[in-house]
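Take a look at the structures below.
Note that chain A is present in both complexes that follow, paired respectively with chain B and with chain C.
This part shows the complex of A and B:
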């Protein structure tokens, strides 16, 4: 397990879905680097393309969707976009662990967790199945569960928080070092959520992982991620170190999103909802900035030119208003 | 408006040969929501908050205790006679996607309850259309553009507004919002919360929030009451801002400690409380229901059940033998 955490470089990734109106991009020209050993959080609302982006890491975008352009380079694996068939199947699970959005519902209700673990081992050609079970027990114990009991249980015998932990164990047990967690705490209670996030942080550090967390909840990212990336309408509009982005957001959407979170202290009237609504695949503007309809800092140029992602040290922002201000 | 005393509800699960298992959803809960008032029930899933909300909305029966609406005890009435009383209390469900009939336009959705009302009060058809437009305007939708649409043509936030508009067609005196914003996009949630607050202020409708998100409950207004429910028991009750700022029950403190801290904007509280273990209802409890998970338990907690009440120096009611203030919630980073 002394293996070094791999880095992931997503470059110019575009994913399109075929619809009656032609192929529409759900993810458009996204570049994002996951530094080895880091936790990156992607925040976005429904339809922002965050789950599609995450699936691209597994090259698992289902038709009618397809990766139209770009690459996803993973250290020790190469460009995932180019992988096919058996090669791709082996990479999933071995190199990339994926905890699905509805991990609570992604277990087979007819089989015990242990049987599903053995299925996983066999399909990936694990010779030492006993060792696999031992590893799984250890991981479960690490997460505060009784390993033997959990492996003997069917999913209905486990609580939501326990199933989520089982999902994480199944993603890690084949020793994957890139882990994607899609909405890891949705539908969980606050206390369980805090618990799961603590486990994610600890397991990440102990096993030397490169982790990507996808969520609609800024709070989740704030708790676990080193780096925060904000998606809107298929575009990555802002990214940077979590504390810096939260403390001093630059993109008008990030600013609005942070302002829209109800807080525990302070004047509640200070929190404001963003006007308008998030775009869907069909309503994303063909040209210009995706956020302009809801933007308070809108300029003329926003109507016609899609802002480029501009880097400034560790921060990256794609906004004309920000670029203009800084170069004025 | 509505009061409840000693509400008990037990669900019996059908079990195997050894007989069923009983789940005590509510263990003698008292509550009181005044006319035009506000309250919020918070707690983990399975704590009984939704069951209590459904009992209040007349969608569920209780086993023991008494519910009185505007002073009329419901036990004195036959089920049919209770209907007009419970009609004053309308529920707004969590999922605006399944709460609306997808085959009906918004106009048709609003028409049905309004037509009933028009028949009962001898009003004209024109009144129905007028009132439909009125309730839509009340929830911040443009009647002209929404009435002819189907639910799938609206965003989650707009649908939830339609659900609220439909509830308003019967002139309710109270709205019960069960996790009403949890399925709505983050950037739009606040709009719905502000709308409910606004309806309360403008129409004098009482509001009850049922939520696991404590910050949401502040939107009932600062005169609202917060009820912290744990395993069917109210463990802390008081003015919403008091309980959030100065909680004394270790369970409330654990809930508040678990709320993510926006590092960079906020710093965490100095004395976060983390429960010793996760909830396991299969084990029997002899004393305080929270004792097994409580980092501050004493021998007394394990043998005796504390009841909700007041003690010196604590403004809110609580059910703890050792109430103590702890700084658990995150504070904004001072703007230095």
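This part shows the complex of A and C:
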């Protein structure tokens, strides 16, 4: 298992969706590097483009969407955006594991988990199916489940937390070293959520993975991620080491997000909701900063010029107000 | 398995009650239809100079029926007979038990209906999958339109159309009847060939008129399954197309099996038009003739048989579902 974890470099990625109003970008010019062996968290509101970004890692943006520009380089695999047909199919599952949102039904309701595991093995030309079942049982046991019983169950016989662990097992059992978790704990209760996050952290360390976690819950990111990237309106507005970003946010949106979290101690009214609402595909401004409508630090330049992502050590921020302050 | 056994017991009990209720209702309805062929015969015999006792005896022997018993007495006799599979004696064919007449007719209905339904199910389901997958292309449109068109044409129009085309304009098929009377009944090529030749038009009509429903139902079912999360999940896990196709097909066909079983039950009674037009001596034609002949015993028997067929089809559909859908199996166990 001590294989070198692969690095992932997303560069200038733009994903557009075809609508009656033409092709609108859901993800615009996003660059993000997942360091080998790191856990990166992406946070954003619904519609910020984070799930579309996650699907891009598998070149699996669903029609009417398509990747219009950019590349996703994965070590040992090359540019995923260029893959197609059988090559792409074999990369999915084998190199990149994808874990669905817990509330979604990611299993065929008519077949037992074990039979679907065998289908997965056959799809990827695994000769030693017994060995595959053994690995899966071991992984399930590792996550505190009775492997034999789970493999013999149908989806409806499993709880949400159990399904999520099965999802993680199916993503890992073929030895994928890049793992994408899309809202892994949404719709789970707090205790199960904590369990799943613990499992994600442990399995990540044990197997030497490079992990991307998509969530709308800053708490989840704070719990597991080394690096944090904040998405808004299809743009990455800020990224950096999790502690630094949460401790000293620079982008006005990140600041607003953190201010909106109610504290366990102190007055509930200290939590301030961000005014306004996030843009949809159709209302994202064509030029200028995507966040300016809700921004407290808005400048004249924000109306016309889209702020560049500017790196400052390990931290990257795309905001005119921040850049102006630094140069002043 | 005990769950299935318990379900079966429940269904049988409910089905039994349903059959009793239908038998009762049809008994009283048939009894209240004006015009009484037995009373007519009884009076005719008396007019011919027979004593009332002898006339009553004569009628009773002929029909196995007490014409002047109270309604209640007749009802208990009828229901009591049912338990011995005795549906009484046909009025239009004196001396023949209703059950025998029904069985003879059922023989002619079941095979063509079964053949036509299974044929249309098979073709409709397969083409329905294609119509769903290619729903954005010309082929998908064409398939869906063919389904809507055939679904919209009434059965009797289709039957007459096929009859006109293949029996009159291009006379390659016999226009009516179940078999050529020239041939010796039995297991010989000429007789069986004639049977098949005569069955082509009715079977084709069943198949074509049902095909539209199947293709449309299957298409919408497949489209629904295509949008399910687990299909995308299977794709993202790199599953082979052939395996994903099987996932889609099995999940999509599930609701159609219920409709299939139910329609098999319904078709026993629903073949009226087709059998009338092709003069095919099945249950549908029997029903029409029994109405024309005011053969109340036969009518009641036919209604009952159709009810039993529907009830049985219901039970079969449900049990079948229990076998093919694991969710139903354990769902019942939990409640």
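Just so it is clear, the second predicted complex is superposed on the first by the 325 of 328 C-alpha atoms of A that agree within 3 Å, B and C clash if a C-alpha of one lies under 4 Å from a C-alpha of the other, contacts with A are read in each partner's own complex, and residues count from 1 in each chain.
Criterion: a contact is a pair of C-beta atoms (placed from the backbone, for glycine too) under 8 Å apart; a residue touches a chain by one contact, two chains touch by 3 or more.
What you see is a predicted model; the values in this text were computed from it and never measured.
Participant: In the superposed arrangement, which partner chain does A:194 touch: chain B (first), chain C (second), both, or neither?
Facilitator: first
Participant: Counting touched residues of chain A, say whether chain B or chain C comes out ahead.
Facilitator: Answer, by number of touched residues of chain A: B.
Participant: In the superposed arrangement, which partner chain does A:247 touch: chain B (first), chain C (second), both, or neither?
Facilitator: In the superposition, A:247 contacts chain B only.
Participant: Touching A:92, do we find chain B (first), chain C (second), both, or neither?
Facilitator: second
Participant: By the touch definition above, which chain A residues appear in both interfaces, chain B in one complex and chain C in the other?
Facilitator: none
Participant: Report the residues of chain A in contact with chain C in the complex, numbered from low to high.
Facilitator: Against chain C, the touching part of chain A is residues 58, 60, 62, 89-94, 98, 100, 104-111, 119-120, 122-124, 154, 156-157, 167, 170-171.
Participant: Looking at the complex, which residues from chain A come into contact with chain B?
Facilitator: 45-46, 144, 159-161, 189-195, 197, 216-220, 222-223, 242-248, 256-258, 260-266, 268, 271-274, 277-278
Participant: Which residues of chain B touch chain A once you look at their complex with the stated criterion?
Facilitator: Residues of chain B touching chain A: 44-45, 155-158, 185-191, 193-194, 212-216, 218-219, 244-245, 254-265, 274-275, 278-279, 329-333.
Participant: In their complex, what parts of chain C are in touch with chain A?
Facilitator: 228-230, 232-241, 243, 247, 250-251, 254, 324-327, 330-331
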